[in-house]
Amino acid sequence: MVAAEVMSCGGGAVRVRYRVQDNPLSEKGWHGMVKTKQIQVQTKGNCHVIDITDQVADEVTGSGVQAGVATLFNVGSTAGLTTTEYEPGLANYDLKAAFERIAPEAGHYEHEQTWHDDNGHAHVRASLLGPSLSVPFTDGRLTPGTWQQIILVDFDTRPRTRTVICQIIGE
Amino acid sequence: MVAAEVMSCGGGAVRVRYRVQDNPLSEKGWHGMVKTKQIQVQTKGNCHVIDITDQVADEVTGSGVQAGVATLFNVGSTAGLTTTEYEPGLANYDLKAAFERIAPEAGHYEHEQTWHDDNGHAHVRASLLGPSLSVPFTDGRLTPGTWQQIILVDFDTRPRTRTVICQIIGE
Amino acid sequence: MVAAEVMSCGGGAVRVRYRVQDNPLSEKGWHGMVKTKQIQVQTKGNCHVIDITDQVADEVTGSGVQAGVATLFNVGSTAGLTTTEYEPGLANYDLKAAFERIAPEAGHYEHEQTWHDDNGHAHVRASLLGPSLSVPFTDGRLTPGTWQQIILVDFDTRPRTRTVICQIIGE
């Protein structure tokens, strides 16, 4: 069922339009499912930005679930997930520069006193970016924009094999 | 069913109380639903902060779902979602100042070399803020606090019509 | 059912392996549930980092749900949620230093003009960290890594009793 309605809402300039996209299965009863998989990604570390959109899309397609949410969760505390336009400028330079401002690689970290290692900045950056991302899908397709890819950013100081949980809940 | 229990847990000063708020429907079997809609928002760009709480609340009410999660996802890579106390100081000045520290508008961005545009800072800010937000609701009402509004922040350098996916899963 | 497959995917060095971990209940039909509880946490404010992993794990265990997602949401606009390796260096020093760079405690905040209070930096930090976190679980166990704890960071300038919504959806 697809319907459309237009409404104005308070707050001045904000105009909001809704487009109804209920999944028809909802009207015939629930056929919900939970499917949990792991996506493993080889990284180079050091703020390596990796586009995992295709892997997540494959999981959605393979699940047979038509409408729902893909909950993505990076296992480990020195990498995180977000979206970006995946092109070389942002992926190789601009994101790294911002994280260098927030948590400089050469800064002092008490974490490194605890474990005598060198990745305090990686931990801080990962906590700020966050480990989880929730991506809705309908008609078996993810909803992000054409110029918006799902990325893992690995902040650690060495190559790692990363595990991203990809859990699909829907009907 | 509402029950209450009090427990102490390890870790020193941390005291944790639980308040059980199971939805009674759970005990009569699952009547789950997935409803996916789009909220469209007109923005002015340039770190425009827009309160979309009422629109999300309307979707929850309109869905007929009593308990579940509203997964919000901004389509596009130059805006993001979070919560704040929506008052003019934070919305018009303070949030913008922090993003200016993280990714200055006048800084150098390789992204702008790729596309010959001017919104490298907008991409970086949006990736750091993140595109998704998961907001639980019970009894048909969102759970955020009284002084906590759901906001979209548009970092792009021009007015945009933004689409926020609002997907409701619950029973 | 556990199966394993290996695939290469485009994008050069990225190698992705999937490990299938479907919950067997999915094959016998849906027994979904939504359970919403509150975790209350006493904090000291001022960037106090508190490990709430055990409390979330207890909710998952207590729910009887085997596979699904725990949606965590901090109620209020001066605290946020993420994960970290919970050890004294990161928890007591390094995270605070990064937030001080993003939104200095002694900076100027228009928010403080509005309300004549002193926590403008707390609001800005909380919006950037974000109020929600989505943590998948399977076999009744949360998926984060051994060195990855779920934390609440309270940025307010005084001790607070925080409420974190913990909503479990699954089967």
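General remarks:
Here the chain labels run A, B and C in written order, and each chain numbers its own residues starting at 1.
Throughout what follows, a contact is a pair of C-beta atoms (placed from the backbone, for glycine too) under 8 Å apart; a residue touches a chain by one contact, two chains touch by 3 or more.
Bear in mind that the values here come from a model prediction, so they are computed numbers and not experimental data.
With rounding to the nearest 5, the Cα superposition of subunit B on subunit C corresponds to a rotation angle of 120 degrees. Different-residue interface: subunit A and subunit B share under half of the residue numbers found at their contact.
Put simply, the C-alpha centre of subunit A and that of subunit B have 14 angstrom between them. Residue numbers of subunit A whose C-beta contacts span two or more other chains: 30, 32, 101-102, 128, 130, 133-134, 169.
Of all residues in subunit A, only 30-42, 44, 50-52, 54-55, 59, 71, 73, 75-77, 101-103, 107, 109-115, 120, 123-124, 126-128, 130-134, 165, 167, 169 touch subunit C in the complex they form. Within the complex, the subunit A residues that touch subunit B are 9-11, 13-23, 25-26, 30, 32, 67-69, 82-85, 87-90, 92-95, 97-98, 101-102, 128-130, 133-136, 138, 143-145, 147-148, 151, 169-171.
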